[in-house]
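When the chains are written out, they are named A, B, C and D in that same order, and each has its own residue count from 1.
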């Protein structure tokens, strides 16, 4: 066991998978430049020393190199592509949505597309084009799997599961959770480090986890919002409200049984996502809860999200944009009737 | 004449198969018995035939919204194609792809990509896989003239170039992108001139001359296999049918169209074969008859094949 | 008054707006080619004869010409850009989502982006890359307005409102509703024609309409699904179930008051959208209903959508993909407890 | 010497203002008092100064993730910029944009576009507006070397070319895209060589020579205004600072960096001014002092300005 940050755990996971399987390679911008940064958030730092040929530094051509990852994947390779900021996925939507997500289906099930696409998300003081949480956009795209690790343990475990999966897996990582050190550290970061086992392990895609047990209200959130939900649960505990915090870890497939079981116990649900409210991940979870758990719910399902605005630059406005533990706790208080 | 007779006749057979296939399909559409929409290959047969004849068995191709010719030339067989066009589970994509997505990777053809230009990065990525595994294979990317204006073309060709990947980019310049003359959307004499911007060779070839296409492709494949990187091949041709089902083509000038018909590739090659004494009229007609029989049989089996069950739609999303 | 199809009504609307305002121009592929088609669905047919300079036929460069529309808009023009199939919006997501939707906000409210972007949607026998309904993807993008006309009257009226709006407006049109004639007619089309008034009119963006009154259950749908909902209401009427059918017409802003008022009356809600279920427009409406109308709902909000699959080619499978009047009626029957 | 003294000194003042502004900003970051991140313009001052000096008052520019130099050269003023970098409502984007999106269209600068390459279609579209309204204005698109590999560059430049729009594309080739040498991502001698693929002229100029940049831009603007279409200008320079906040630049070879510092544009221009007798040391130092005072005053007012209220975030989404 060794304590690692998410950046370190992902790096170790990539190193192990590349050593284990010659078909695995990384492709992206500034990921393997000697003297460089190991990508925008140090995840691939140093890997080029051991895997020069399989660390492919690309031009600034997201649609191009993600399309190349698809081509390599259908020829039997297992590419791990990454964009420096999730916002740049928007430059590659044709390849991701029209090609990658549909290629197997269009082939009548004859092709496999084993491909991992990593994307850092979260509002982090860079303004509207470097802070979007685009998870919701991909919920409506069948053919993709989506994972959102909130801890170093899950980051490594889900990365390994993704690399070994025969389907395209989109992995969202939060900039404030990497725990990148030194020059590349993010201000406002949270500690998401974990003890990482010596032995090989994978976290099954589609399986969520209860982060804190409670009987009064269920709070669901991923990435940074999972940590904010835990902080909210702590606040609530002080007031005698026992919140259960669930981290789905995967958005597609979604561990509905876990959430349903919890809501059947607590009868109240608060769903948290960073990013605009309308058409959000929270909306999808709330809709399914309303459809299937109506008889158990004693309060409306509450969505705690960002307002419907782009990510503003100024810190006071951006802190207002990003859901806080206080806002989550408030929604929980309201649902238990405490206010 | 340095070509084997069998080889020349196989080129002829491929071109005729494509032409008759497309004519039959068009007729099936007019009869209203075939679902969906189509983009047909009439007039461009020499390109698919010439390029694919130059490929090794392990080489692969990507295709476009106009894929029937590529599929036939790559050897998918008319029956699996016809079944796919009819949306049958017995089709090459089990009825889930349809005309614009026909393909069969076991035959070296990726399901056709109907988003203009989007096959360029995909073909380049297949070439990257060959490079990483040190396999002597080449990926060929078919595209229309209109594709050269898509960002995907630019990004994909550039990466093929900087890494000298084993890929050949074949532009089928049929003068039109849908109803838009390519001359209105590029400020160039030849589309092959775009190659210079990527530091790779560009070649313009008569796309209606199957042997010229074959030779030019062979040279490009040899370079690619030798690690010398991509070639941008521009094959000049003409679309002697509508852009898609039921297009009257009023935007094509009469005389231009007439001239194109005079230079269409099959008549051109037929005359050459006869003149070279590579075959006599009877032999060529015999091939035509065999092809027609094969297509008729494909049509019958396709129309007779059972439809998919509606709920079959639910499968094949994930592996 | 004259009876017009959606294609004709849009054409007339464009003609009138271009005549009225020199700043209005159209930009897209094959929209003004002499001897051509007037775009993929005949909407702009012949406009080049009167407005040659302002009918701009582009190369196949969606991201490029949509970005150009943005540049022209901030310089005071009022571009109407269109893609031939909604699926191609995916080639231009950077310009639409990163630039167009955010430009005003990033400028601190100093810029205006009066731009219309038209996109045909719907599953129509062309396979997975020409049949997507991408409305849901843009719900999560603040800065865009979204309209979805189901009739010729609304198509012309919403187009005019969009052209005159100082914000980017995304207009989704359904291929089976255009009523395009002759060579370009779509098989499986529905009649969405209307009597179009002589005088100038606009349909306000954000205002929905009740298409059929009823007291037992509220059915909400746009575009083709609105027509399927009406057909379902007809089936239900035969069984003594009185369905109220609401056509929101705009998705952003959304006429929530209209839907809420109806649900307060009927106590039951069925939401219909074409396209995959997870992360759909139906999910958003269901989530908001659950949050704000829980006390009025006597049955779970039902979503009637496509399954989570790409659009399959074969007609039997595609008809299974596209929600039918029968499936909508079934959901309504279940919500009123008739089955 | 054919330039007015005032003109030469205004170029000098612009370059010095940019340099001192960036140095001050870097310091504010190291002190930890400035929010966000930055991409700084050190070493490229001659390009923004030379290009913008050639513009008419009604001409417009688009910028990138590295926009401070463009903003200063276009005359936005250091105070509105500094306020924006501090996220104040008094900033040029009311604190909503931040460093990567500074701009003010009333001064002819679109809010900077931080997605690499995405400004190319936007600038081209502004030029289209000028063409449609028959206004004698030109749009200038600043971009980094890395932008030439984005699809948006390809699509935008091609449309500017085929319609001969009044736009000038200026590539600031500082040899690196983030940590990646541009030489590794294009297979070309000069980035200006990409112009040929679009049928427009491409020019490579010494981007550290402000007068060379000025002259070359004037020529391109004249062509554009005359209806002769775009020019692709490649200005050769070097990034003598980190790519962004706190980049140690270990990927830049020592000697390369040293050589670049010897050729940095301000020292170069200073020497030339003295040698030409256009100004004496004292005059130049006086300018530097004025600039420092102006920047100091901007910093003070920015740090003293009230923060936005959190709920101010809700406004300005829709007109």
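Assume contacts are C-beta pairs under 8 Å (C-beta built on N, C-alpha and C of every residue); 3 or more make two chains touch, one makes a residue touch a chain.
Predicted model only: the values in this text are computed from it and were never measured.
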State which chains count as neighbours of subunit A and simultaneously of subunit B. C, D
Measuring centre to centre, with centres taken as mean CA positions, what chain is farthest from subunit B? D
Length of the line joining the C-alpha centres of subunit C and subunit D, rounded to whole Å: 41
Centroid of subunit B to centroid of subunit C, CA atoms only: how many Å? 36
I'd like the Å distance between the centres of subunit A and subunit C, where a centre is the mean of that chain's Cα atoms. 31
Subunit D, residues touching no fewer than two other chains: 93, 95-97, 101, 113, 115, 149-152, 154-155, 158, 162, 184-186, 317
At which residue positions does subunit C touch at least two other chains? 58-59, 61, 63-64, 87, 90-91, 94, 98, 105-106, 127-129, 142-143, 308-310, 312
Chain contact topology (line, ring, star, complete or other): complete
Flag every residue of subunit A that touches subunit B in the complex, lowest number first. 25, 53-54, 56, 58-59, 61, 63-77, 79, 94-95, 98-99, 103-113, 142-143, 145, 166-167
Could you please specify the touching residues of subunit C with respect to subunit B in the complex? 29-30, 33-37, 57-61, 63-64, 87-88, 90-91, 125-130, 183-184, 307-310, 312-321
Quick check: in the complex, which residue numbers of subunit B touch subunit D? 149-155, 158, 161-162, 184-188, 193-194, 196-200
For subunit D, which residues count as touching subunit A in their complex? 35-37, 87-89, 93, 95-101, 113-117, 146-147, 149-152, 177-180, 184-186, 246-248, 250-252, 307-314, 317
What does subunit C use to touch subunit A in their complex? 87, 90-91, 93-94, 97-98, 101-102, 105-106, 127-129, 134, 136-143, 252, 275-276, 278-284, 286-292, 294, 297, 299-303, 308-310, 312
